[in-house]
Structure formats: structure tokens, C-alpha cells
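Take a look at the structure set out below.
We call the chains A, B, C and D, going by the order they appear; numbering starts again at 1 in every chain.
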Amino acid sequence: MNLWLWNLAEAVLMVGLAPLATALVKLFKARLQNRRGPSLLQSYRDLAKLFAKQPVLAEHASWIFRLAPYVIFAATALAAAIVPVILVAMPLTAAADVIALVALLALARFFTALAAMDVGTAFGGMGASREMTFAALSEPAMLMSIFVLSIAAHSTNLSAMIDTVLNSGLGLRPSLAFALAALVMVAIAETGRIPVDNPATHLELTMVHEAMILEYSGRYLALIEWANQIKLLLFATLLLNLFLPWGIAQDSSLVSVLIAAGAWLLKLLLLFALLSLFETWMAKMRIFRVPEYLGLAFLLAILGILSHYILEVGV
Amino acid sequence: MSGMSWALAALSAALTAFLAGILLSATPKHQRRLVCALLLLSALAALAAGLAGLLSAPGEVRLPIGLPWLAMHFRLDALGGFFLLVLGLLLGATALYSVGYLRQLGSQRNLTPLYIFLPLFVIGMQGVMLADDAYTFMVFWELMSVASYFLVTFEHEQDGHRKAGFLYLLMAHLGGMLILGGFAILYAAGGSFEFDAMRAAALTPLWASLAFLLAMSGFGMKAGMMPLHAWLPDAHPAAPSNVSALMSGIMIKVAIFGFLRMIWDLIGLQQAHWWWGGLVLVIGSTSAVGGILFALQQNELKRVLAYSSVENIGIIAIGLGLGMIFAHYNYPSLAALGLVAALYHSLNHAMFKGLLFMGAGAVMHGAHSCDMGQLGGLIRRMPRTAALFLIGCISISALPPFNGFVSEWLTFQAALMAPQLQGTLLSALIPFSAAMLALAGALAAACFVKVFGIVFQGTPRSPAAAEAREANAWMQIGMAIPAALCLLLGIFPAWMLPLIDAVPKALIHAELGASATGNAWLWLTPIAQERASYSPLIVLMALLLAGCTFLVIHYRYGKKRRTEPWSCGHPHLNPRMQYTAAAFSQPLRRIFSDLYQPQDKLLRSDHGHTLLVKRLRYQVHVQDLLWRHLYLPVKRFSEWLTQRIDWLHHRPIHGYLAFTFVTLLLLLGLLL
Amino acid sequence: MNLFDLLLATPLIAGTILGVIGHRPRATILNIAASAVTLATALVLAYQVLEHGPYTAHDQAFFLDAYNVFLVSLTAFIATTTAIFSAPYMRHEQAIGRVTAERLRLYHAMYQLFIFGMYLGLTTNNLGVLWIALELATLATVLLVSLYRTPAAIAAAWKYFIVCGVGIALALFGTILIFSTSSDVLGHDNAALTWTVLYAHAEQLAPGVMTIAFMFLMVGYGTKIGLVPMHTWLPDAHGEGPTPISAVLSGLLLNVALYALVRCKTLVDGATHDGLAGKLMMGFGLLSLLVAALALHRQRDIKRLFSFSSIEHMGLMTLAFGIGTPLANFAGLLHMTVHSLVKSGIFFTAGHAAQVMGTQQMSNIRGLVRHHPGIGWGLLIGTVAIAGFPPFGVFTSKFLLLTAALHTHPWTVVLLLLGLVLAFAGLFRHVQPMAFGIPPEQVHVARVNMLPVYIHFGLALWLGLAIPGFLADWYQTAAALLQGAAP
Amino acid sequence: MTQPGLLQQWVVVAAAAMLLIMFALLAQRHMRALLRWFALQGVLLALTSALVAFVAGVPELYVSALLALLLKGLVLPWLLWRIVLRLGVHREVEPLVNISVTLLLGAALVLFAFYVSLPIEKLSQLVTRNIIAIALACVLLSMLMMITRRKAITQVVAFLSLENALFFTATAATNGMPLVVEIGVAFDVLIAALIFGLFFFQIRRTFDSLDLEHLEEKP
């Protein structure tokens, strides 16, 4: 039973820390660009402000437009709750495995796109069209890259997968390398970071995600923003705990949990540092290059699986 | 009352409906009500029969008709039972829907042919599921084809519908012939038309493979698997919507049933070669991805749905293929998993595709068009239809917590839990097909965002759409039933699976791991707890929980302001500024341009100078790749051949005599 | 006089009477009555044969066994329904001035004469007389085909006359050859041409001669069956003659010719034990099937279209009898029955369609179901039936034929499937636009008599749903007989 | 009753004559000559059957001999000649293929016929392989004639000569068919001839020529 409590706690942790994470990245980038940057609490302030504001709706926005943010947030939050953060054995991972995880994110995306189409502005359509197109490539890529692990683990259950990685020890496997590369590329695309999309810009012709939520304001916007922040943290955690899960707590004793938490935070910091470095260093690519980029990711993932089946299973 | 008698009741109810359709042609009103009521009865009876077939031991009955030395054998077993169940569920909904739908349709034209052939169509499908000898099977199979042909050409004034009908019947006939060939092989081996004898028959590997290929192509043609799907996207849209629902929902599943009956049951997987499953897998993957890719490029609502049927048949085929492979390398429980996944997806697809086609019918009636370019903003004029249609879209996009996700999840499990197989070809093939499955799923989401977004959201693109009327109560009920089932099947799969599990038990004497059914009702664990599990109910709960918490916020700051959307400072937005269907799928068209080979043209007129544009018109047309590279060549060749033959019949009389003379000489020449 | 004489005498007498008064309006009634009488007689005879087995008359000059008595009753039935159909049809033709009263007299007389020829051919026990009967039928129909006296009709009749004349002559040569060997086995008299006797002594006949003889018989009777490449007369004759004649040509004459061929085949098989005869028939059958199937696509005239379909189906039957296993023979006989029924029904419908549209050009026949639902649906149902969709009998026979073929000669099945599908496509691509679509403006009103059509289709349907026991026994005995059991 | 050898020689001689006449018919350019040869063929038939009747002692063959003489020797040629005169087509026969080629083909056919009838074992004392071979050859030759002639009337002559060939076979190879058959056949031929006559005028009326190429149905 208390495992369920742990799980709840972790969910709350993820949801709660999400804005902080984003702020962290912003800060790193600012520093790298010799700016002072916002304070770490800035994104909390933004959210609070947005929640306080009265939302403005387009006059013929339908109920879907109003429902969407809740679905988006709920789905993302649930997805976050699935991923083991500190403790490996999580009851919710049994309720929803990686496939469900991907599907939940897809659900969120589905509704984002619908909401974008709802008002009937050109931007909404454009954003939705692009988002769904990219998703069509990134989603299978993500699935495939995770499957590499789950095939090795003979399970699609996240806890089980992490367990196997921990116990089998990371021998240098080509399949894992492929998978990791693919997953990183996908994560960048999914969280709408440079070089795929630029969360900071509203430069009309290059927007993808921003174009979809252009019509949103007030608490609706807040929810969606928050959901995105959760998504970022989620992907980061997923990457870390799937491919280098060391330090993660195998039992719920206080010591190991503290170690795990520390390790997690440390790894996160490093990862975000890398990310912001990467983002300041890279430029955004042309919108029509993105499919090739994602296609590459998909290809890598498939290669990962094939190499697993052909090279590793046999031996 | 035994299952068999329920089944016969279903048949006779449909038969009565057929008679009613003929006799009451004078009074359309009673005709409509009676036929629909009888169809509903037939559906209920079929439902009961299906359950009985799944739960109880097989029952048999012989009718003294058919061939003189072969009475018509009917047998109700688990396999037939399951598909009867599917039929019952969707037919019931459709019957209710038809009450309202046909009332509106009847105001325009005489529906008697519809009332005559719809019951026949149903009889055909039920009969196929019950048949226990090759003759009976073929009779009902062909009856199904013919009846549905007359339904497809129901509005025969339209050129396209006639063409579609012709292509459909032609391919149906070809398919029937191929299946017949398959049965003939089994007959030659078993020495009798009865299925028992055919099961017992031992075939040489060559003959077995031939029979398999014949059955594969015959049933594949009906099911609309990728290379043989050409009739489907034309025929399904041509039929009235309630019929399209049945065709897409059930008829192509009947083809899957036939596939199972013939290959899994009669030929028997113990005679299978390793490449059989591989072939099915490849075709499945092709159909899944190809179908949805072409669905994305359609701008006519019902055509999109038709093409997406091709995709879903592909997914089903993937499940079947996996099952066959595992069965061949005898991992029985995995084979069972593949089969169950396929069957479950058949059930689910019947539900949401039926729902979507009925929705399309409602749109057709409400806005008098299925052309996406003419629609838009319907969600405001017909909110209930929109809500139901949305459920269909989510389910078909395989998103939790609806049913589509469950069956795809099962299929993924089957593909992923594959142990390493001998022969790297297969072990490479299986993950590849999994990848195709994932791709298809993602593309489906894109496709149905497009559909829903263009048709129901945004602002109306035509006056007709602006004046759209909400569907009447009967139609709403008809759509509500499958919608509800979509959710239920998504949340309580653990209740459905034990039922379905009877089928693999009967077919390959294997079932899912005990965990699948022994487990608590809210857990779905096909193989073992530690391997994979999914609890839709918890997911739903969590979603609701998270949702509720924020609904609280919603009501705390309840008030909101409405204003017109931001239009980049442009004075007023008009509907023509929205993204169109063609525009939505443009990026994909660009990515897969080699596959689509789109023919687009830009018509522009200006006031004397290129910058002073008067009007721009962009047209793009994507034609089915196979149509151009497979079907047209065949057509051309046969035309050429007929021309050559025609030469024979335009000779002078000497020529004719010469034919006789030469023939005589040749015959005598044989004696030399 | 006994029943049997009645069977032969009625059409002959009726023919002579009609030859005198055939132009009177009443003539049609006599025509129908005579056919009805023969039908009754035929049925009674059939019953007798079923009860008491084979039956010979006039010291073996005539005989009835399971095989031909069934064809006799089929012939009688179709002759009757056709007579019923032709009454209003020909009246309409007369009304629009295509035929004069004089011609009508000729028509009625020749119709009965033709029927007489059929019965003679079916019941005679003498190969020579069989030949004469077929020649007689040919001559009678030649005059009927040229009834309209249009250039096309004359040309068609001439073609029919010459091509069939030559063919039939070759058949005679074959018969003479048989006689030449049988006469020194059985002595120089009628016995040497009597089928039953020959059948009994088939062993002793000289194989070499019998083989050559069969070659000639094959080509000769094959011409009348309409087997490719001797089929060239058939489309014209069907296309240009009056519709009732097209119906009986397809429904009866072809059957009888095939009957003759099969009779001879059994003899030849008895003499030479290599299955050459069967193989030849299979070859011709497949060739006819394929060529006709392809030719169907190119037709413009509705009656020509269906005549090609007749060629296709004769090909199927020839194939069936060529295979010669009991199952195949069963399929062949069944197919003979249902094809005669359905095809003559279709010709009735096509005739009506041509009348209401005032043309036989298919490109001008449109939207029948809209303005004449009876005709339109009749045409559709008929086509669906003839294409071999259940629940019509054609499906049953096709089903059996396919299985039988695969049982013995698997390689034929490929061609068979190909041919059937091509034929269906060729037929349906023309029929669908005629039945469906928007009708043209001007449409004649004709008194349409669809009753015979419905009767025919009804029977075909019945045979498809359930073959009655006595008929099944009948077929099976006949099938066994053809395979070489004692008559 | 003389020994069969004699009869056999006679029959063979007759057969040879038959073949010769066939070639003669094949070689004719003029209608009148054609008909003369045709008549001669009829007479030959009559002779043959009379001969067989006398030697083999088959009385009913006298009947058929008489029939042949009347029908094939006199009536038919006369009828045809009348028609020819009435229609004024007594000019060239206008072959499609030129005569010499036709003759060569004919020779080839005769050879073929002989080869075909090689496997036939001896049937009886009077019917030899040669008789059948010649009969076969005659049939083939007359068909060749039908194919290579353009005018309807020449075709009819060819057709009738085909009938003659059959008749000859019947007499020579089998001492004639049973009487029923004989009469039936003769009757048929008569009707056929009448119908021919009927047709000529209709064809003439509708196509104002007997040139068969007018009869092709225009597609």
C-alpha cells in the first residue's frame, strides 16, 4: 500500500518540479549567453498569474476547446506518474506500461491538435498539421527505441525494464546505443526544443507547438504550459532512468531513497546543462528538414531492434 | 434454447425481413419499420447465438436442401460464435440507426431494393459463419457478395457508383472463384465437401501451399488487404451509409473469418510452412501503413473511412500472421495471443468503424455532402453527432482509454514477446512489422485529427454546412450504442478476453496464460504479470481524477470572456482562410511524395501583371499507386487480348469455312 | 397409337396444319396447345422410364433411356414456354411490320418442324436418323433465321446454312465411317447403325476407323454445338433471327447437338480405350470457354452478346462431358438443364428489352430498371444467374464442375477460373449499364409477358436451392450411363 | 456372285475416277464446264452404286443408284444451270486463290489423306484402306474448293460435290447405307438444294450480286 503512496508522492514531485526544471534550463541558457536570466521561481509566478487571469475565448470556440487543456494536463501528469523516478518498483507501472505511456502522450497531442483546429484560424490548422506530421514519425521512433530495452527485458513494464538494465549491467551493446540516440532525438522533438522547434519564438512561419496554442489564454494556457514543462521533465527522467539508472532506489528504505533522489537531481542538472549548451550552440533547422531528422531517428530505432535480434539474441 | 436454434432464429428473422421487404413495397412506412424491427430481432438472436457458441459446446443442424447427396450442414462453434457476436452487436445498432436514416433517405427515392437486398446481405453473412460444408459456405458467401453489390449500386444513377459496383462484383467473383479453387483442393484430398472430412484430409506440402495461397488471395480480396484492395475505397462510400457501416464493420470481418476457418481450421496450422505466417505478416504491414497513408490523402469523408478499413484489416492481419508464425514454431500460448489480438481488433474495428460510417451518414444528411471541402463547424450545429464521432476518432486512433488501444496493445505484446525464432528473416520481420504497426497508429491519429478537425471544427465552408441539421433520435441511438461499446471494451477488456479465449481453444487447442483471465478483473496481463500488464480502469480513474481536480479550478474562476479570434490584424477572418483537408496533409504528401506521386496544378489568373493576382486555385490529386501500376496494366492487357480475338468474328464466309477446314486437318494430323 | 408416337406425331401434324393456317391470329393458340400436349406426353414418358427403365419402340428404331428422356422433357418444357412467350412477341413484331402474316405462317410451321426434328434426334436409336434429324432442324431454323429478310438476316442465314451444312456433312462422313466398320461386325443392315446394338458391341469395332470417325463427328457436331473455332455461324444466327428462335437455338438445338456428340463419344470410348475422345472434348471445351469469354467484351448487339455466352457455356458442358467422371457428367447434365432454362429466359428478356427500346444496340439501351423494372431486374437477375452466382442452379453445376476438374485434371482449373472470370466481366460490363443508369427519352410501350421468364428463373432457383431426389437419381443414372454402364 | 477381287478392282477404278473428277472440278474456270463435270460426277456415282449393287448383290442399292442418277446426274445440275442463266453469272468462277496453287494444295491434301488412313487395318474383303483414303481426299478437296471460290453458286457446287463424295463413300466403302438413311439423306439434299435456290434470289435481291464478300457483316 505504501508503494502507492510513494507513487503518488513521486507524481506530485514530478508535477511540482516541472516548472522549476524549465526555469533551470532557461537560466542555464541565459548564463551561457551572458545574461542574468530569470529567477528559478519565474515559471511558478507565470503559472500563478495565468491561473488568476480571466481567460478569453474565441466566440465560436466549442466545448472541445475548453475540454482540451484538462485532458492534455491529465494525460501528461498521468504519464509522469508512470515513470519511476526515485523508486524502481512502482505499482502504477503495472497499470500502464511504456506503450500506454506513449499512448498517453499521444492522447495529449491529439487534443492539442483538435483544440488548434477548433477556432478555425490558419495558424491553428498549420500548427496541428505540422505537429501531427512530426508526431507520426517521432511516436513510432520513440516506441521502437524503448522496445529495444523491453525486448531485452522481455517486458514492457518500466520497472521491470529498469531492473534488467540495473542487473544485467550495461555491457556496451550496439542496440542500446542506437536506441539511446534515437530516444534523445525524439525527446528533443517531442519537447519542442531547438533544433526542431523553438519554445521561445512566435515567429509565425516556423512555429509548431506555439501555433497550436495561440488562441489560449488564462488558466487554459497555464495548464498547457505546465503540461509541457512536465513533458520536458518526464522525458529527461525517462532517458536517465532507462539508460543510466544507477543510484535509483531498489527498496523504499530512507537511505537508498535519499541517495536515489540525490542521484536523480544530479543527473538532471547535468542533462539540462548539456541541453542548454546544445541549444545555444545549435540553430533551429528548416521546418522541412524535421521529417528527415525524425525519419533518421525512426531508422536508428529500427536498426536498434534489428541489431538486437540479429546480433545479440543469437549469442 | 440452444445456440443453434438461436442462430436459426436469426436467419429466419432476416429471411422474414426479406419477405417483408418484397411484400410491403406498397406501404413504405410499414416496410421500413417492419424490416428494421426484424433486422433488430435477427441481430439479438445472433448475439445470443454468438454467446452460446463461445460458451457452450458446438451444436449442429442439417437442412434438407442443397446438393442431393449433401444436406446443408450448419455448425455453431466458437469461431463462428465470435463473429456472430460481432455481427449481432453492430447489426443491432445499425438497425436502430436505419429507422431514422432510411426515413430521411426514403423521402428522396423508392427504397424497396434496399429493403430486399439488405436482409439478403445479412443472411449471407450469418450463413457463412454457420456453414459446415464447402457448398453451403460458398452459397452464402456469394449471396453476400451479390446482395452487397446491389446495395453498392443502389444509387445507380451516378456513374461512379456503377463503376464501383462493377469493380466490386468483378473482384468479388474472382475472389469467390479463388476460394472455390481452395475448397476444390481440400475436396480432392478429403473426398467430401463436409468440413470434417476436409479437416481430416492430409495434403502434400505443395497442395497445402497452393490451397493456402488461393484462400489467402480469395479472402484477402474480400477483406481488402493491400494489393487486392482496389474495390474497397470505391464500393464502401458508394453504398448508403448504414450499408457501408455493415460492409466495413462486418463483411470484411467475414473475410477474416473465412481466412481463419480455411487456413487455421480446415487446412490446419500443423500443415503450415514457416513462410505462410511471414507472408501474412508482410501483407498485413503493407496494408496497415499503405491504407492509412492513402486515407490521409482523401478529401471525401467516406473514402477516408474506407481506406482506414484497409489499415485496420492490416493490423488484424499482423495479429494473425504473428499467431501463425508462433503456432508453426509451436509456442501455442503466444499463437493464441496473436489470434486473440486479431479477433479483439476485429470486434473493436467493427464498433468504431460502424460508428464512424453512421456518423458520416448523419453528416451526409445534415450537411448534404461528404466532401470535406464543403464541411466544417458542424460541431456547433450537430453537437451530439460530433461527440459520438469524436469517440470513434479517438478509438480508431488507438488512444487510451478506448478500445482501439487495447487491441493494438495486445498486438504489440504479441510482437514484442516473440522469443528468438530460427531463421533471421522472421526474427527481423517481426520487429519490422511492429514498427509498421506503430507508424500506422501514429498516422491514424494524424488522419483522424484531420477528419474531425476539418469536418466538425473550424467554421462552415459552405452554406449547406452552416444550415446543417442534427441527426434524429433514432440515428443518435444507433450511434450511441457502438460509442458506448467502444468505451466499455476499452475499459473492461479483461471481461471480454476470456470469452474470446474460447476461439484459440477450439482452433489450436491453446489459450492465453492463466494470468490473462485468472487475474483480477481490472488487470490485463496477456502473458504474465511481470512481462506486461495494463489496467485501463486505473488509467481512466487517474485521468478522471486529474481532470476533476482541474474542473474544480474551472468552476472556481468560472467566468470567461468571448471575443473574436486573433487574425494577425486582418479585419475579419473568413472560412476560406482555414486550413483545408488538402493543406492539412500537405507535409505528409511532401514526405511520401515518391509513394503518392501527386499530380498537382496551380491555376492562376491576374490583372495583367504577375503581382496583381486575381485568383489562385491549387488542385492536387493523389491516385492509388497500385491502381496505376497493377490494375490498369491488367485491364489494358485484357482489352488488347479481346481486340485480337475479335478478329475471328469479322471474316468473310470463306474464312469461317477455312477455320472448320483447318481444325479438321489439325485433328486428323493428330493421328499421323 | 401409344404415347411415344403421340410425342413425335403431335409436332409433325401441328406443323402441317400451321403450314396452312399459320397466319391466322388463332395459330398461336394451336402452337401453344401442340407444345403443351407434347410436354404432357414427355412428362408421362419420363415417369415411365423412371419407373420401368429404358424403353424401345418400333423394334429398336426408337428408344428412351435416362439420358435422353430427361432431354426430351426439357425440350418439351422450353418449347412450350417459348411458344407462350412468342405469342405476344410475334404479334408485336407483326404490329410494327417486321413480319407479314405470310411469314408468320412460315414461322409457326417451321417452329413445330424444328421441334419435331429435336424429338426425332433425341429419341431415335439410329445414328443415321440422328444425323437426318439434326439436318432437318438446321434447315428449318435456316428459314426462321432469315425470317426478317433484312440483308443482315439473309447474310446470317446463309452463313448459318453453309457453315453448318459443311459441318453436318462431315458428321455424316463420320457416321458412314462408323457404319463401314460396324457393318462387317453386325451385318449390313440397320442394326449396324442402331446405337444400343453398337453400344453393346463397341469392343469389336475397329479402333483406327472409329478414331478417324470421331474426328469428323467432333468437327461436324461440334459445329452445331458452336464450339470454337466452328462457332462463327452462331452469333449471327442468334442475333438476326427472331428472339424465340434465338431462345430455342440456345436452349435446345445446341443441347441436342451435344447429346449426339456425347452418344458417339461413348461408342468411340468403347472401341478405343485411349481417352482421346474425352481429351479432344476437353480441349474444345476450354478453347470455346476462353475465346467466347474474351469475345464477350467486344459485343455491341444484345442478342449477339448472349449468344457468345451460350458458346461459353456449351464449352463448359463439353469440358464436363470430356472429363467424363460421374461427378463431371452430373455437373454437365445439371448445367445443360439450368443453362437452357436461364439462357432462354434471358433471351426472352433481351427480346423485350430490344422491343421497348426499339433497338438491339446495347449502347442505346439504358436504365431499364427505371422504366421497365420487370425487364431490368429480369436482365440483371438472369445475368447474375448465368454468371453462376448462388442461389441459382448454374452455381451448383459450376461448383461441381470445378471440383471434378480439379480431381482429375488440376491444370484445367487455372484456365477454367480465368475463363469464368473473364466471361463474367465481359457479360456484366455490358449488362449493368443497360439495366442501370438514366434511361433515354423515347421508350416504346410493348405488351411485356415476363411470366415465362419468371418460371424459368424460378426453376433455376429451385435447382440451385435443392435438387429434387428423383431428378438427382435421374442425373446419376444418366451420368453412370455416359460413363459406360449398361443402358 | 463373282470373287471379291474383281469388285475390288472396279471400286478402286471408280474411286480413282472420283478423285480425278474432283481435281477437274477444282481446276475449272468456267461455270458451264464446272456444271458439266458436276453432272458427270453424279453419273459416276450412279454407275458405282449400280456396279456394287450388281456385284455384291445388294438390290436396294439399285434404288439409290436411280436416285443418284436422277438427282445428282440430272436434276441438280439442270436446276443450277437454270439458276445460272437466270442470274446471268455464267462467266468466270473467279477463284480467291489462283488455280495452280489450288491444285498443288489439292495434291498435298491427297497425300495427307493417304498418310492419315495408313494406320487403318484391313476391315473386310472389299473395303480397303485405299477406298477410305480416297474418300477422305475427295471430302477434303471439295472443302478446299468451297474455301477458294468467291461466288455463292460455285460454293454450292462445291458443297454438292462434297455430298457426292459422302454418297460415294457410303456406296464404295459400305455397300451403301441402310435404305432409311439413304432416302433420308437424299431427301435432305433435295431440300438443301431448294433452299439454295431460294437463297440465291434473296441474296441477289438484297445484295445485287452473288459475290460472297458482300455477305461479311460490317462491324
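The working rule: contacts are C-beta pairs under 8 Å (C-beta built on N, C-alpha and C of every residue); 3 or more make two chains touch, one makes a residue touch a chain.
Keep in mind the model is a prediction, meaning the values are calculated, not measured.
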{"item": "B-C or B-D, whichever has more C-beta pairs in contact", "value": "B-C"}
{"item": "Chain separated most widely from chain D, comparing mean CA positions", "value": "A"}
{"item": "Between chain C and chain B, distance of the C-alpha-averaged centres to the nearest whole Å", "value": "44"}
{"item": "Inter-chain centre distance, chain B versus chain D - centres from mean C-alpha coordinates, in Å", "value": "69"}
{"item": "Centre-to-centre distance between chain B and chain A (centres being mean Cα positions), rounded to whole Å", "value": "35"}
{"item": "CA centroid of chain C to CA centroid of chain D, Å", "value": "31"}
{"item": "Where chain D touches two or more other chains at once, by residue number", "value": "116, 119, 143, 146, 155, 215-217"}
{"item": "Residues within chain C bordering two or more other chains", "value": "158-159, 162, 166, 170, 212"}
{"item": "Touching two or more other chains - residue numbers and ranges from chain A", "value": "none"}
{"item": "Arrangement of touching chains [line / ring / star / complete / other]", "value": "other"}
{"item": "Interface residues, chain B side, partner chain A - complex", "value": "376-377, 379-380, 383, 386, 390, 394, 397-400, 405, 409, 412-413, 416-417, 420, 424, 427-428, 430-432, 434-435, 438-439, 441-443, 445-446, 449-450, 452-454, 457-459, 523, 529-535, 538-539, 542-543, 545-547, 550-551, 553-554, 557, 559-568, 573, 575, 577-579, 583-588, 590-591"}
{"item": "Complex contact set, residues of chain C against chain D", "value": "126, 128-129, 131-132, 135-136, 139, 142-143, 146, 149-152, 154-159, 161-162, 165-166, 169-170, 172-173, 176-177, 179-181, 183-184, 188-190, 192-193, 206, 208-209, 212, 236"}
{"item": "Partner chain C, residues of chain B touching it in the complex", "value": "64-69, 135, 138-140, 142-143, 145-146, 153, 156-157, 162, 165-166, 169-170, 173-174, 177-178, 180-181, 183-185, 187-188, 193, 638-639, 641-643, 645-646, 648-649, 651, 653, 655-657, 659-660, 662-664, 667-668, 670-671"}
{"item": "Residue ranges of chain A touching chain B (in the complex, touch as defined)", "value": "51-52, 54-64, 69-71, 73-75, 77-78, 81, 92, 94-97, 99-100, 103-104, 106-107, 109-110, 113-114, 116-122, 124-126, 128-130, 132-133, 135-137, 139-140, 143-144, 147, 150-151, 154-157, 160, 204, 214-215, 218-219, 223, 288, 291, 295, 298, 301-302, 305-306, 309-310, 313-314"}
{"item": "Residue ranges of chain B touching chain D (in the complex, touch as defined)", "value": "650-654, 657-658, 660-661, 664-665, 668-669, 671-672"}
